[in-house]
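Just below is one structure, and these are the notes that go with it.
Letters A, B and C mark the chains as written, and numbering starts fresh at 1 in each.
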């Protein structure tokens, strides 16, 4: 579902402790090696967080959001990144508020948000993926993107969200973030997204640019994408196109699309997606993926789920599922069977 | 006290923030060097956690449990282990949910629990030790076991607990866990425990096997043990026998036993334990330990405590207390004086 | 404001989740390089914590306090230090309770506090600094002290606070902390502070000594200081003198003073400080700093703030602001523009 994410005016002051614990048995098969593991967050990323909003009066509000990713299968924390550069993560397995660490001021004029957060261009990947970029079903434009460390989140960010009441159905955001090097602009970047949604359909476009000194394997990284959804009642259909460019010495471009469907069936949802991702490297490595899943809701907070996915590799592509290894041009299969509980 | 740990059907939905902060002045004496420190968790492991249960109706429940060990003397977190292998811990001093990170589904048929948790065979060590494996009084089959990193907890685990209502007083659990290597079964294992307890006495047996490729210092690690308790009113007596085998190139076996007593005296408890651990290495290193402690409860949540312990080493054994160093065959003494507060 | 920090008798039992998320756009200018960053805690250190007190009856109370520093601009945690020695911090970016990790017993006789905490001598730096040692305005005796890792906090500490009711207005504390080495006394130390405050003015003196084996760059580190405040209604004036000595092979002494003012103006506060710090190294490096700030309170919990600071370096001093680089003897300027929200 294509939608905006800016908060409106807050009306009460509180602090909320929230989270998700989601663990699945995961199997991956490939032409070289299969693998069986317990994994975390195959339906919804395991996390624990603190958030709250305060009504300041005069149509103003303040809020904070601290959200830490948890590897629930082993209790470790997800790593963050302090400088938006492709270095090893910060945290070494200790908890960090890698998912979101922000303070906000909100008003009739929109929302000002400071800290680490999701980048604008990623929301189209999330919102067109029936699996919300989680688990073996994750669509390829997220799973194997060449867009690097700021493809999903960035640190040291100043973000602005349009107010929900600006124009009916229109939403948008713009972000600037800094790599914070002593010199140079490595890790600096900006992103924006603009969209429209009504009760039946939505459409949004996103753009992002992160700057890096040019080397053989790194350079300015530019992404743009469009996403759309239509809700037919019996099913919600989604579609997205994604275009990533890394301006390293030999410039690389990766492109892909997603088509997806989520249909309420019984106490749950049937999910179906088809996605592709192709990089213009030698041999044009291309992967295509089909994913099918069912989520059985035991309550609004708890669900059992099963997902099956298949990747078809062409050329030198060797994308594999759930930790399996597959040879270039070979296929890979994967299954998740899991339990998700949110609080 | 020998008891099961499976949860029954839940009847309400909530989230609980809980923890312990326990700090003690600790002295250790040995023939080579003495040592004085502040230590964490000498009565009860310092921790902070989030847990909750949800009633799903139809005799079903869901629950989560995220519990992080804290070194309360310096504020760092306890490390976790992602692959059940004897590598350096994960977390580097940042908080991890190393103590427990699980999601559960519960029903009349028992409990299914996924994530990182205590292994089944360890519960007999905990439940027969008057000091619950904390502090200078910790009994030797836990303190100096050769059973390695899965002696107490394991990651990537699927556990099943018998329902409490199966047979009156009968409890049991079985677990499978994975090391999650690309190839091989290093760190894979399974554990089980079966027991019976009534108001007066309890008895349980535990077994565990963790697989490792055989080297000069590592190999399949097998543990089995039995534990029992009798409650005489004036005191609760405990006893346990523990047998650990590491099938490295030159197979090693460690065996030990515990006898313990906990007696309510005044506003507190007197604790007494005697334990041994012997390894069949050259010279049959053997340690024997006597521990005596008193816990003075200021409330149900807060206690002052004092523990004295003495280790008698035989052969090449050089076990020492509270960070002291002692020569092979020499003795070691230790004292904890601490304050524990739980919330 | 000069004040004591010992807690009185507690009257209720509870657990409080608390914190601050404070992010600012920060610019620093120097003769070599300028720098623009997003920074955390420029008005009040970003943090998340758990604390609680319990009434034990009989004029006794217990309490705990676990407080983790957060780098809210990137979601990582602040590092702690396990042995009070100048090594790299512990935590590697994962959350640690580096700010405070303590358990307390309180009574008519005062408070006994065990764990990691602020050292006594630092409180005069904090309480005489209009900017509370946060952000670009931080006074120099804190910002560029030579007093090392125990200048602000120490681990493995036993602290005692005088009761508030001992003598009207008199407060004091004493602390002992241990480096916990196997041998030697590296990182061991003690601190004390004694003061008096009434409704109009306050005065306190602090002392600290941390022991280290003498090398070319490290040795016993001694600090002493005095702080005072006067509240004139229209403004609260503060003053402090600070003296640090490191008994390395060539002993170094650093001295500085602070004069400050905080004036309530409109819905906020105007802050002004002048501070110096001089080290008796070759050439007598000396820095002088002027800082001016305004905090606009949107509520008791939320504020916008702006701070300007200027450093004037003399001799080989090259102190710079907000990550800028400046040549010895050159000046540096800095600005913070931020949003603070507490919960």
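Throughout what follows, a residue touches a chain if its C-beta (ideal position, glycine included) is under 8 Å from a C-beta of that chain, and two chains touch if they have at least 3 such contacts.
All figures in this text were calculated on a predicted structure; none of them were measured in a lab.
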Message: Between 0 and 180 degrees and rounded to the nearest 5, what angle rotates subunit B's CA atoms onto those of subunit C?
response: 120
Message: If I list every residue number at the interface of subunit A and subunit C, are over half of them used by both copies, so same, or under half, so different?
response: different
Statement: Whole-Å distance, C-alpha centre of subunit A to that of subunit C, is 39
Where subunit A touches two or more other chains at once, by residue number: 17, 77, 91-96
Query: Inside the complex, what are the residues of subunit C that reach subunit A?
result: 17, 19, 21-25, 33, 35-38, 48, 70-77, 91-96, 298-299, 301-302, 304, 323, 325, 338-341, 343
Statement: subunit A residues touching subunit C in their complex are 13, 15, 17, 50, 52, 54, 56-57, 60, 62-64, 66, 68, 77, 79-83, 90-105, 112, 114-116, 155-158, 177-178, 180, 182-183
